[in-house]
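The next part holds the structures, each set out as structure tokens.
Both of the next two complexes hold chain A, though its partner changes from chain B to chain C.
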Partner chain A sequence: MAGIVISGLHKTYPNGAAALQDFHLAVADGEFLVLVGPSGCGKSTVLRCVAGLERPTLGTISVGGRVVNDLPPQERDLAMVFQTYALYPHMTVFDNLAFGLKMRRRPQEEIGKAVAAVAEKLGLKAHLHKKPRELSGGERQRVALGRAIVRQPQAFLMDEPLSNLDAALRVKMRTELLKLQRELKTTVLYVTHDQTEALTMGDRVAVLHSGRLQQVAPPREIYDHPANRLVAGFIGSPAMNFITARITGKGDGLVLHLGGQTLPLPGDYLERRPGLKNYQQKNLIAGLRPEHFLPLTGARRGMLGRLKIRVEVLETLGPVNYAHFSLPDPLAGREAAAWVAALDPTVPAAPGQDLEVAIEPRHIHFFDPETGKAL
Partner chain B sequence: MKRSGVSVHLATVLFILLSFFPFFWTLLSSLKPASQLFQINPPFWPQPCTWENYRAIFLERRFYLNILNSVVVAGAATGVCVALGSLAAYGLARLRFRGKSIILGFILVVSLFPPVAIVSPLFLLFEKTRLINTYLALILPYLTFALPLTIWLLTVFFRQIPWELEEAARLDGAGPLRAFWEVTLPLAAPGIFTTAILTFIYCWNEFLFALAFTTNDASRTIPVAIVMFSGYHTVPWGQILAAVTVVTVPVAALVLVLQRRIISGLTAGAIKG
Partner chain C sequence: MKSGQLPFREARWGYLLAAPALLVIALVALYPLGCTLWLSFQQKIIKLPWLHTGWVGLANYRELFTDTRFWQALAHTVMFTVVSVGLELVLGLLAALAIHRARILTGLTRAAVLLPWAIPTVVAAVMWLFLVNPAFGLIPMGLRFLGLPETCQVLLAHPASAWAVIIATDVWKNTPFMTLMLLAGLQVIPVDLYEAAALDGASRWQACRRITLPLLVPAILVALIFRTAQAFMVFGHIYALTGGGPGTATETLAFLNYQAILNDMRFGYGSALSVVIFLGSLAFALFYLSAMGLQVKGEERS
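Let's look at the complex of A and B:
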């Protein structure tokens, strides 16, 4: 087992597409690191460079302290689980699992034992003699996983291994995969475009956007303190609401202008958010997660900022209602920003209804309007 | 529903009988004594059944030499063709390099050359290099005509095989050639068998080059040898029919054996659901 260190990685494809720029990432030994980002941001490119299937334009990649840039894939001792599984269709499950060991010229007896152990662990014992086409999607997925772990490689690379499974199976495999990793204590670099997967599975999460790394941090920190607007907008479902805002006044008269309304801020707000000091009287981007709208209950009434909204569409999901509404955005010079509030089902709401919701000022995120950096 | 099923079966049986009948008649006639061949209203079954024609072609004409020639020439040409063709096609399917489409076009052009146009120059060439009456004089031109088709067909086949399978094999510890051998080649087997059959049959039946580049009975291939059975005054139909029967059987058997390998959908199950 070994850590993976990627430094200064650039990748430009022969057709001129710059897929990765100045990418740095260190996956610690035994860590489960999830690389997440929207489609086409370069996640697979990172994995393929680490695996040796793609040659980096610039930068070094080391596995277990050894620079592997010039090693062909078969000498890097990494295992990859492909999104499409890439099982060998002409071989039985046993041969699929045994292939890696056979290529490494292990004795027949050892191969048999190792395959049996993995098949046992993954519940594939009954399928060893079958061909991949005779398996269900979930079973194929487990064969792909088994093929990776049977070799006990230095690290696993996984490219959206769960994305071809149906929703229920995906949730189940998520926990099974985690359990397996805890058990094997192997380094995993896991790629997904699903932010839920990222937050639930990763020891740390790395957010990639347009070929540039945005933030690497534990899931909670990514969620609570997104480094910039891209991360804030990508992590969380439904996505964070954004609008142009402005802070004016001072002391007890400190207020936040947003959506044509004003919210009072506590007098010590700027002391607690020093990043905002230089942004008084200036436009900035305010962000608020849908789940941070609170019902106006009696006890809290005094402490909270209030926002008047008119519900346009109401989605009722059971445990939560999503109220869609629009806020005028005069500071940005645009008509309106579309917002979503996750409301407790006990809050009476209906389409077309005017509603007052509460906001806690500490839940508001601020971003520089130009750079998008969190303040 | 049921009635149409019956009529389809009936049509199929009729079709098989019709297409099989000429060969069957050839077989029957080859077993008849010469007198019965030219009779008006010949008997359906040979009576008496005689092996005379077969004895004549094998013992008098040494037809087995011609069969051997054909087997060697067609076999060698097919083997080399598939070996070279699959490597070339693999490169063309997988690698990215300049001028790929030009190369593919050039390969196609080669196969469009009319054989008649190059018989004379090739004859002069082979005479100078003393290749006339050797196997090589046939294998080489057969290769030039069979390779382009092989390369084109196999390029298409290799392109259909997901590249990820090979990448998975590389990560599993196989070098590039090993990955090709263990994963890509078995999956391309239907394509390889198809091209092998086509090439073999082409070489087995080829007449023009075989006629031009062989000058004695011992080095002729089957098609030319059969034509040469005829003398100035007589055409030994019985022997010709016997020879045709003898050489059709192995090819038919070959196709029957190999066609079971030509199953499409061999890659099913490789990727996702």
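Let's look at the complex of A and C:
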């Protein structure tokens, strides 16, 4: 077992595509780190560089304190779970699991024992004599996982291993995978484009966008304090709502202009959010998560922020209703911003209906309109 | 019973659709085959018209199976088929692996690789005839340079070297076909299998033996079917290079057949030989098909 340290990684493919730029990441020994980002942002490239399947253009990669840049994949002692599973189609499940040990010339007896143990753990005992084609998607996924763990490598690299499974199985495998990792305590660098997976599985989450690392932090912090607008927009479902806003006034007259409406802010707001000090009277981007719209019930009547909205589309999901509406965005000079509010089903709402919802000012995120940095 | 009727109706519809093709096959394959079979029980020697012409039963077959020339030709044919197809398989496999690895099969190299295969057999043979010509051929010149005696330089005059030239011609001409067939097989093996194998610690050689070769078996079988059937019928090289000589040292079944019918004008005897050749290649084809069938079934099971 070992940690992985990636520093100053650049990768430019021969066709000129710059897939990664100045990428730094340290995965601690025994940590489950999830690398998340939209499709094409370079996640697989990171994994493939660590695995030795691609050569970094610049930068160093070390595993367990040893620089592995010049080692071929065979000698890095890492295991990878591929998105396509990459099971050997002509071999039985047993042979698939045993392949890595056979290549390392372990004694027959040891191989038999190790494979049996892994098959037991992953519930593959009944399938050992079958070929991959005879297995269901979930079973194949477990074989791919088993092939990785049977060798007890220094670390696991997983490239969207759950993305080919149906929704129910994905949720089930998520917990099984976590349980397994807690048990084995092996370092995992896990790639996904699914932010739910990232938040639920990672000890820490690294958000990648267009080949650049945006933020590395525990899931809660990524969610509560996104470092910039890209992270804020990517993490969370439905995505955070954005609009151009402006803070004016002073003391008790401090207000936030947004969507053609004004929300009063507490007098000490700027003291508590020092980042906003220099942005008075200037445009900035305000962000609000859909779940931070509160019903305007009696107790909250006296609360500060209130937004008038007209529901356009209402999605009823059971535990929650998603109300889609648009807010005019005059400060940005555009027609309107499409917003979503997650409303408690007890709030009476219907398409075309005018509603008033409450907003707690502390829930509002602010970003620099140029750099996108959180303020 | 509706559900039972539907497949029947579908089956009838299927036969109906296949009927024209079956009819054509019957006309161009089964009818001549029938004629040949019928002829093989006749005595019909056009050169000697005064001899009895007509039904002689199994006499032609009896003569054939007691003729040492037939057994010799059979041995030659089998030897030629095994050696040249074997060489083509090995060379084709090596070439395909090299081309696949280096990814050099672009327009020009593809044309260069395919060129020998696109040349008609007789033309290829005549090219080799020039190459081995004792007076000005490149190969005897090379042998002379190496200081070999004059007699060794007349390559087609000795059975062993004549066979070497025939086999070289065939290998030269048909290896590209083998290469392309195997290359197609290589290209459908997913890259991530090799990546998984590399991470599993397999060296290049191990990956080749454990991943590439097993997954290439279907392509190899198909290529072998084509090549074996063709090699078993070898005629053009023999005809153009040696004419079966020296003596009868390079006679193959197809060449013997040609001799019997078109040289000796023995239609009955020649037809008997044709029937035997046909049965031989049918056996080949059935063997390969069953091997493929096993392969396919194995795949389905897996």
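Annotations for the structure displayed:
The rule is short, and it goes like this: the second predicted complex is superposed on the first by the 375 of 375 C-alpha atoms of A that agree within 3 Å, B and C clash if a C-alpha of one lies under 4 Å from a C-alpha of the other, contacts with A are read in each partner's own complex, and residues count from 1 in each chain.
Everything that follows uses one rule, which is that a residue touches a chain if its C-beta (ideal position, glycine included) is under 8 Å from a C-beta of that chain, and two chains touch if they have at least 3 such contacts.
Keep in mind that what you see is a predicted model, and the values were worked out from it rather than measured.
Annotation: superposed three-chain arrangement on chain A; chain B versus chain C shows a clash. Of the two partner chains, both chain B and chain C are touched by A:Glu134.
In the superposition on chain A, contact of A:Asn164 is made with chain B only, not with chain C.
Applying the stated contact rule after C-alpha superposition, one finds that A:Pro14 touches chain B and leaves chain C untouched.
Once the two complexes are laid over each other on the shared chain, residue contacts for A:Thr316 go to neither chain B nor chain C. When both complexes are overlaid on chain A, the residue A:Thr371 reaches neither chain B nor chain C. Looking at the superposed arrangement, the partner reaching more residues of chain A, out of chain B and chain C, is B. In the superposition on chain A, the residues of chain A touched by chain B in one structure and by chain C in the other are 51-53, 72-74, 76, 78-80, 82, 84, 86-90, 99-100, 103-104, 131-134, 147, 151.
By the touch criterion given at the top, residues 190, 192-193, 195-203, 206, 210-211, 214-215, 299, 301-302 of chain C touch chain A in their complex.
Considering their complex, residues 51-53, 72-74, 76, 78-80, 82, 84, 86-90, 99-100, 103-104, 130-134, 147, 151 of chain A touch chain C. Residue ranges on chain B touching chain A, taken from their complex, read 96, 162, 164-165, 167-175, 178, 182-183, 186-187, 266-273.
Within the complex, the chain A residues that touch chain B are 14, 51-53, 72-74, 76, 78-80, 82-90, 99-100, 103-104, 131-137, 140, 147, 151, 164.
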